Every structure is written in structure tokens, then in C-alpha cells.
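What follows is chain A paired twice: with chain B in the first complex and chain C in the second.
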Partner chain A sequence: MGRFGLLPLLVLPAVAVNLLTFLWPMLNLAGLSFREGMPGGGIGTDFTMATWRDLLADEFYLEILLRSVGVSLTITGFALLAGYPLAFFVHRSDARWRNLLVVACISPLLISAVVRTYGWLVILGDRGFAPSLLRGIGIDPPRLVFNMTGVIIGLVEILMPYMILSLLAGFGKLNQTLEEAAASLGAPPLTVFWRIVLPLTLPGILLGCLLTFVLTISSFITPKLLGGGRVLLLATEIYDNAIVTLNWPLAAALSLIALGVFGAAMVVYGRIARAAERAIA
Partner chain B sequence: MAAEAAPPHLELHGLEKRFGATRAVQALSLSVGKGELIGLLGPSGCGKTTTLRMIGGLMPATDGRIIVAGRDVTALPPHRRDMGIVFQNYALFPHMDVAQNLSFGLEMRKIPADERQQRVQRALAMVRLEAFAARKPRELSGGQQQRVALARALVIEPSILLLDEPLSNLDANLREEMRNEIRDIQQRLGITAVFVTHDQAEALAICDRIAVMRAGVLEQLGTPFEIYERPANEFVAGFVGRVNRAAGHRGADGRLLLGDVVLQGTGHAGAGPVTIMIRPHRIRLTDTPPEGIGWNSATGTVTRRTFVGDLLSIEVALGPASLLVEQHTFAGAVVAGPGDAVRLAWRAEDTLVFPASPAGVFPAPPAGVFPA
Partner chain C sequence: MTISRRHLTQGTLGGLLAMPFIRPAFAQERTITLAAYGGIFQENYQAVVVDPFMRAHPGIKVTYFAMPNSAQTLGTIRAQKAAPQLDVAMFDITIGKAATDEGLLDPLTPAEFPVLADLAPSAFAPGVNSVGVTFDSLSLLYSPETVKPAPTSWRVLWDPAYSGKIAITAAPDIVGIGMTLVANRLFGGTDYKDFSRGVQALADLSPHVLSWDPKPDAYTFITNGTAQLGVGWNARGQLYSRQSAGKLGAALPEEGSLFQINTLGLVKGAPQSEAAKAFIAYALSPVAQAAFAERMFYAPVNTKAQVSAEALSATAASPERMGKMLAVDWLEVAKFRNQLNEQWRRRILTRS
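== the complex of A and B ==
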């Protein structure tokens, strides 16, 4: 048993659950992508490379992949920009208010993303609150729903709680005395931010970005509804093939590609986080 | 002392800080000479840190002015005050190594890289940490971190050095070594410094002058000698050093009485109830008390004797009062034990007389000796 004794036994339940609910379906999915798809959702029994060959040859899917990554990065960036000041404010507030504010920040999670998406449809729709507000101040409103703009607005709001929680978790290293020390050494506020606050909060930033990115890539309801079927992404394409056109092998192959994107995101995150850890801790 | 004669480098005029109804610092006026090391001494919560933070610009003053070298800096933000601050918890930047920590302030001053490096090297040499330039703060001991913090505040050659209880996180031996090191460096550089501490021994040991504070109010400003030998009031006498405290009375004829013993004292001369304070080590046990003017003597009974190695402390009942007497021990000394009658003698100038404080105003221990 070595120096850990019976400790490894503690992870057994988690390993078992993961084998059963993640690895096994994934292997099935991989197998599925090498079968022939029949009209009406049927699945052939013979091994075939046809799905992968078509997929890799079709530029449409490359386009979708790149668009998905691009949109996810954009949404992650906006969520960070919007979430950072908020998280900073919450972190700095009086202990009395902090818990309340944290709860307020994550309370949107109590409402399902579907409901919130419909909420955004109402707010952003042609006769909704946002366009009338813009008209009120004399701006001819651009279309805010059934396009990329709507998808970005909706997902940024829906995923921001995760970003804020990650940021708050990473703000632990922050200490106001450090900022005061920097100021006393002659650093104006903006320099204090760049040289002290930002480096010390980098781990939280990286974690929040990873989480938001992965969640964006895998969301399909919000892009479908707010995109009005016009914003084609990896996740929506998987959904369409699995549920609408019933091309299961293609859906399976696209899912594996999505998994590959997650893997790549993890690797990139790991690299940056380790480099940051070395530089900071 | 010499420092007092120097032109004021730092002046506080009616400095005041209120937190809601709390007056953390009240109408504080002080003037610190160039190159002087001034101590802010007082019990926890008396407003020392608040005062220091206002001087450093980390906290706005509610009222009053702060003048440095004739220039009003009250409204300046901290990054434009040119003050080096050493924080109680050091506040070293955890993501920078020692050299980068030191270099930070120089970068802010746009010092060219090669000069920066030289000055960092010199500062590291000053605190004897040349070998640690590439270490991260967490790889240093408390004393080393303390020295880095000091070097970081000094490398920018600030006009004033502010230290907030810089030694309180160190263990006793290191504390004494570091306080002398701070004093040496401060004198060598001739830098004006404000040193906050609640440790009276620390303040007495290294400060040119000490400002004793209580509850936001400056109680006394003076040299360590003045503070210790001529405390302005009961609080200062009790806070700085150990002291016996006994209730006495001064008659209309000027006679000072402790119980029925007539004493000569110094200080408050008004008639009425008084508090008499005598430091334990200034009282002698002797069979042949010195006679005449300038000396007090009395006979009492030993109630307790405690041997603490280098000191022998003997409690003596003297009428209604109980006096603690401290004697340095030496081999072969014959000393009285409990129940023995002894004669005590001490100087008139060591008999500090203050008006008796109204009950409740002065939170004093019930009787006997103040804790040091």
C-alpha cells in the first residue's frame, strides 16, 4: 500500500463513476463514428471511414470549428472584462456585505439557462427593452437577436457567474498592504494594477477563462435560440445531427472533435498556469 | 539633544482622524528634526498606525496639515510623497524576487537600469543580504524578510522613513539585533524617521525623542531620558518602565505623606490626594540609610520575596502601601525574607508625585507595580 496506505481507495467511487458514465460512453461514441449512418437514424454494422473522410474533406466543418473557437474566445474575453471589476469590488467590500454580494453574483445560476435565454430574447428582441432604450437616446438600434451579437450577449451574461467565482477564488493572494507598499514606492494606481494586482490574480483569471471557454464551446441551447438558427457552431451542429437529422455517426465524430478542443484548451491552460505559477509563487 | 536643534523636517499641525464617532487621533501636533528618529509609543489602539498612515498618505486626515521640508503634502497621494514605509507584515511582493522588490521603487523613479542595479546591490550590502538577491520572499526567514523590507524602503532614498512596528513579528533575540541595525542605518544615512511601537524598551533604546500617545492624544513628547525620568503624568510613568504606585496625600502645609511616613518628592505640589510613583529598582534595602535632604527612608515588613535570577524582587508593606523593591543579585548577599523588618531608602527625585486621578479615568492595575 506504500506510504498512502488505504488512501487510494477513497478515489475508487469517483473512478468507477467516471469509467461508467464518461469513458464507456466516449468509447461507444468513438465506435459510432466509424459506422454507417442510415436515413431515419439507423446505424450500420460495418466499419467505415466514410464519416471521417467526408468530415475532414468538407471545409464547412473547419469553418464551424474555427468560428466556435473564435466565438468562445470572444465571449471568454467579454466575461473577463465584465467579471473582473465586479469580482474585485466584491472582494474589496466589507465582510458584512461580501457574502451577500457573492450570492447575488451567482444567483442567476438558480434560473435555468433556457429561461434566461428566453429572457434575453424578450429584452433584445425588436420590440424589446434594449432596442427601445437605444431608440430613446436617438440611436438606430442594430439587430440584437437571431445573430452573433445576441449569442455573445446572452452567453456572456449566462456564463459570468462561473467567471466571477473563479476570479474570487484566485483573489486570495491579494492583500491591500501590497498595493499600499507599491504606492509608497512611487507607483501610481494604474501601475499598481499592472505590476501587483494583475500578476497576483492571474491564477484566478486563467481558471475563469478555461471554465468559461469550455462551457461556451459546449453550450447549444443559447446559441440556437439567440442565434435564431443562423449562428452555426460546433455544439449546435452536434445537436442538429443527433436530434434533427439523426445522423448519429456524424454527431459522434463532431463530439470527438469537441473533446479534442477541450483537451487542447486544458493543455494550453496547463502550460500558461505553470508558467504563471513559476513567475508568481 | 542635537536633533531638536535641527530645523523641522516633518511637521504635523493639529492632525486629526475620526472614524465615525471614534477620534482615533486628536489634534496631534509634532515637529521632527532632519535626521531625527522619533518614536510613536503607546498601547495598542492608541492611534499610532493611524498617525503613520496619514503621514504616508495611505489614509486621508480628517483635519490638520502635514508639512515636509516646508511643503504641505496633506493632499498628496502616497505615490507622490516620497516616503519609504516598512510595514508590520513586511508586505514584500510575493511574485518578485528580492532584487526585483528593491528595484521596483527605482523603476518608478525612472532610474536607468545600470544605476538601478548598483543601488540595489548597495542596499543589499547594507542589510547584508547580497547572497539572497534571487530568492523569493517566501524563501527567506522573518528577519531576512524584515531586512528586505527595510532595504526596499531605503533604496529609493526617501525623504522620510516610516516604520510601523517593524520588529513585532520577530522573536526576542532578533528583535534587539534588528532594532540596533535599524538605528545604525538610520543614523548613517541621516534619514528622518518615524518609528511606531508599543514596546517601551524598543522606543527608549533607539529613539532620539518619543511621543507617548494614549487614546489618540499625545501625552508627552521628550527624549527617552525625559520620558523615563520626568514623566508628564501617571499614564506615561506607568507605561514606560515598571513603577510602584501608591495613594498618598499632600497637606496644606506642603508635607507629602505616604500613610504616616513623611516623604520628599518631585512633581505635583498642590494640596490634596496624590499618586506617588517610585520605580522598584530605585529603592534600596539598607541598614544605614543615607541621611538628610534628597533622601527618603522608611521601615516596612517584607511580605514576599521572589528570586528571578539576575533580579530579586521583594514586596514590602509600608503602612497602607505595598512597594516592590528590585535588587540585582550578587553572590553572598544577605537578604531579608518574609516577616523581616527592613529599612528602605530612595531619592527624593525618584519619588514622582501626580495629582490623584479620578477613579475610572485612568485604567490602572489595582495596586502595586505596573507591568512593564
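== the complex of A and C ==
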């Protein structure tokens, strides 16, 4: 048993479950991407590179990949900008209220994303609250829904609770005495934030960004409902190919690309997190 | 071992509990499973075709398995190829062709189905084992409250007055595919296989379209005031317009439209093949065909079906409209469907 005692034995069930429910389907998916998709949804039986060759040679899918990553980064950025002050306020609020505020921040998760998306359809729609408000203050409202704007607004709101939770989890190192010390040495508030608060909360920021990014790039219901069929992303393409046109090999290949994006996000996260830790230490 | 009172009680109770499951086996009741469209289609098909069939055949129970679209029905049959659970499946004719090519459907022979002789020739397609059961056509949906006078031409979609008020379901949905072919003829195309003019016309329309993916559908978008114009299926459009109290209208434009064919297929290796055949024969019979046309304005495939003039005038099957219909061979469309879908994604949807 060596140094770890019974530990490997205890991990075994979890490893077995993961192998069976994650790795095995993934391998199947990989296998499927080397078949040929026939018109009408048939799947060829011979090994072929055709699906991958067409996919990689087609600029359309490169565009979709870049658009998906770009949109996800934008949404992550907005979720951070909107979530950070909230999380900070909750963290600094009186202990009596803090739990209540945390619950209030994450309570949107109690309602399904589909329902919240429909809510946004009502709010952003032509005769909804947001355009009426804009008209009221004399601004001709741009189209807020059934396009990229709608998708970004909807996803930022839907994913904010995850961002806030991650930020709160990472705020543990924050210590008000450090800020007071900096201020007493003559640092203006902005410098205190930039030099003290931000570096100390960086682990939470990174975790929140990773989580939000991964959730954005894999969400397809909200982009489908709020995008009006115009916002073509990696996840919506996978859905359409798997469910509507029944081109399973192409859907499998696109899924593996999405998996690759997740892997890349993890690597980037790991690098930045390590660099940040070294910088703080 | 001795049988105690406790054992006896347990046995009796167990038997009683199991009764509901034992009874059907004794009664020799056969259950067939029909996979067809859900929602309002299911509601009406169940009422005027499935229920009367069960009353006429007390030994057969039909379970209606609702499907959101033809492609998913095909996916289900394909997944169950080794051990089919479905007996009868309804899908559009191109999916019927794909299912036949994959060996998922048994042929329906005139010997077993005398009713086939009464069906319109367009109910059949070479190399397709499923047989037409309803005809439907594309129609122009509008909001009678805001679109005045009632539109008579597809061209109203390109009227700048309705910019940002249009809802159409894009390709790969068959509404989007069909609309491309209608627009192609409208803008001077002479052969639907060369659909470039249709693609160009819809690309020009794209910035004025509110949503290419109305959820749950275009009918709802117009009924609740989100959109004012749209494209949908005539049967549903006619039915909803009668239920919507003036919120939705369905027009059959003067330039004509195109037919779409829903077919019924007998699943190969179906668990209850004989009962399934009885159901298909009934669904194609003049009685069932007329009942469904009266109820939901699907044009009948059975030429002997007696449909009232009123119901017929709400379908594209009236004699004066038939001549204007764009003759489309859906099996030809299936060949270029992927290519058309790519054009949609590259040239229409991404343009705004």
C-alpha cells in the first residue's frame, strides 16, 4: 500500500465511474468523428478523415470558433465588471446581513435558465421594459434582442451568480488592515485598490473567469432563444448538427474542438494563476 | 414448509396488487405505438383519427408517442433498429426516403392495402416505403390587426413597412427550405434546383427579419404581437387563426406555394405488425382523411375523401390554387438540402 495507505483503493470507485461515464463516451465521440455523415442523417461505417478534413478546410467553422471564444470572453468580462462590486459589497457587509445577501445573489439559480431567458425576451423585446425606458428618456432604442446584444445581456445575467460565488470564495485573503495601512502611508483609494485589493482578490477573479468562460462557451439554450437564429456559436452548431440535421460525425468533431477550447482555457488559467501566486508571494 | 396465515395474506395481497398488469395479458389486447408530431397536431389527430380507430378496433390500443420533428423520429427508429419499440411512424417524405434507404421501413403493398389505389399519385415516391398521409402547404402568416389590408402576395415580406416585424424559421427547418424555393420563383428563378435567386432574396430580407428562430414558433410570435408577418404551415395557420380571435391570419398568396407531404411508415420488425397495418389502412381511409381535413385543414391524400367546400377552400388543394403550386420533388430537394443549408448559414443568417 506504500506511502498513501488505503487511499488508492478509496479513489478507485470514483475513477471507475469517471472512466465509464466520461472517458468511454468521449472515446466513442472521437470514434464517431472519423465516420462519414450521410445526407438525411445516415452514418457511414468506414474509417474516414472526411469530416475532419471538411471541417478544418472550412473558414466558416474557424469564424464560428473565433466568434464563440470572443463572445465568451466578452461575457466573462462583463460578468466580472458587474459581479465584482456586488461581491465586494457582500464581502464587506455586516456579518448579520452577509448570509442573506449571498442567498440573494445566488437566488437566480433557483429559477431555470430557460425561464430567465424568456424573462429577458419580455424585458428586451420591442414593447418591453428596456426599450420603453430608453424611449422615455428620448433615446431611440437599438434592437436589444434576437441578435448578439441580447445573447450577451442574457448570458451575463444568467452567469453572474457563478462569478459572484467564485469571487466570494476567493476574497478570503482580503484583510481590511492592509488597506488601512496603505492608506495611512498616503496611497489614494485607487492605488490601494490597484496595488492591494486587486492582487489579493486575483485568485477569485481567475476562478470566476474560468468558470464563466467555460459555462458560456457550452451554453446553447440562451443563445438559441435570444439570438434569433443569427448568433451561430460552437454550442449551437453542435446542437443543430446533433438534433436537427442529424450529422452526428460533424457534431462529434465540433464537440471535440469545444473540448480542446476547454483544455486551452484550463492551461491559460493554470499559467496565470501560478504567475499571480508568485507575484503576490 | 408450512403455509402460515401470514404467507397466505401476503400472497393474496401481492396478487391483488399485480392484477392491473395481469389483466391485459388475458384480454389479448394489442398495443401499437405511433410516433407522430406533438402539440396541436397530436391533440387533433388523436381526437379524429386515433380515438375513432380504437373504437372501431376494441382489441387494439394506440399509444401516441409525440415527436418534435421528423428528424428526431428517424433518429429514434434508427437507435431502436435492433429492437424496435415503434410500430408506425409519421415523418415528411424526405425523411421517409432516408429511413427506407437505411432499411428501417417495410413496404406497403397494394395486396395488403387496397386503399392505396384511391390515393393521389403524389402520395407515392419511388424508393420510399412510407406513403403520403396528409398534404400541407406553406402559407403567409400575418397579424390582421396591423397588416391591413390582408396580404395577398409573398412580396409583402419585402415591404419596408414591416422591417423588424418578421418571424420565419430558418433552414435546416423545412419552412426555411420551402420559403427559399418560393422566393426563388417569386424573384424570377425558373428551376427550383437553381435556388440562387431565392438565397439572394432572403439574404436581402435578413436585416428586416426580427427572428430566424422564433420559439416556440412563428404562429405564437404573431399571436402575442412580437411579430406581424411570418411563414408557416397552412393547416396549423388556419386552425390557429380560427382560435386566435383575430390575432393571427393565414393567407394563401396569389403566386402560389408548395406542398409538403407527411408520410406514414411501417417500422421494419415492428412488435405489432398486423395491428399496425390495420391502423395505417384506417389512417388512409376516406373517413379518417376527411375527418382530419375538416378538423385541421390538412389536404387529404385519399381522392375519395368527402371534404366540405369550406374546409377545402382553406387548403391549397382547391382546384384554382392547385395550378399555381410550385411542383417540388422533395427527393430532389433532399439531394441539395445540405448545400442549401450551408448557403443559409453563410449568406442569409449571418447578414444583418
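Here is the rule we use: the second predicted complex is superposed on the first by the 280 of 281 C-alpha atoms of A that agree within 3 Å, B and C clash if a C-alpha of one lies under 4 Å from a C-alpha of the other, contacts with A are read in each partner's own complex, and residues count from 1 in each chain.
Methods note: a contact is a pair of C-beta atoms (placed from the backbone, for glycine too) under 8 Å apart; a residue touches a chain by one contact, two chains touch by 3 or more.
None of these values were measured; they are calculated from a predicted model.
If you put the two complexes together on chain A, you find that chain B and chain C both fit without a clash. When the two structures are aligned on the shared chain, A:228 is found in touch with chain C, with no touch to chain B. Contacts of A:272 after superposition on the shared chain: neither chain B nor chain C is touched. When the two structures are aligned on the shared chain, A:244 is found in touch with chain C, with no touch to chain B.
In the superposition on chain A, contact is made by A:199 with chain B only, not with chain C.
In the superposed model, A:178 lies in contact with chain B only, and not with chain C.
Once both structures are fitted onto chain A, a short way to say it is that chain B and chain C open up an angle of 150° at chain A, using Cα centres and rounding to the nearest 10.
Once both structures are fitted on chain A, no C-alpha atom of chain B lies closer than 48 Å to one of chain C.
In the superposition on chain A, no residue of chain A contacts both chain B and chain C.
Within the complex formed with chain A, the chain B residues making contact are 56-58, 77-85, 87, 89, 91-95, 104-105, 108-109, 136, 138, 152-153, 156. Touching chain C in their complex are the following residues of chain A: 39-42, 60, 125-127, 143, 146-147, 224-225, 227-230, 232, 240, 243-246. Here chain A touches chain B in the complex through residues 173, 175, 177-178, 180-189, 191, 195-196, 199-200, 279-281, going by the rule given at the top. Residues 69, 71-72, 74-75, 78, 94-95, 97-98, 101-102, 164, 169-170, 172-173, 209-213, 215, 225-226, 334-335, 337-338, 341-342, 345-346, 349-350, 352 of chain C are the ones touching chain A in the complex.
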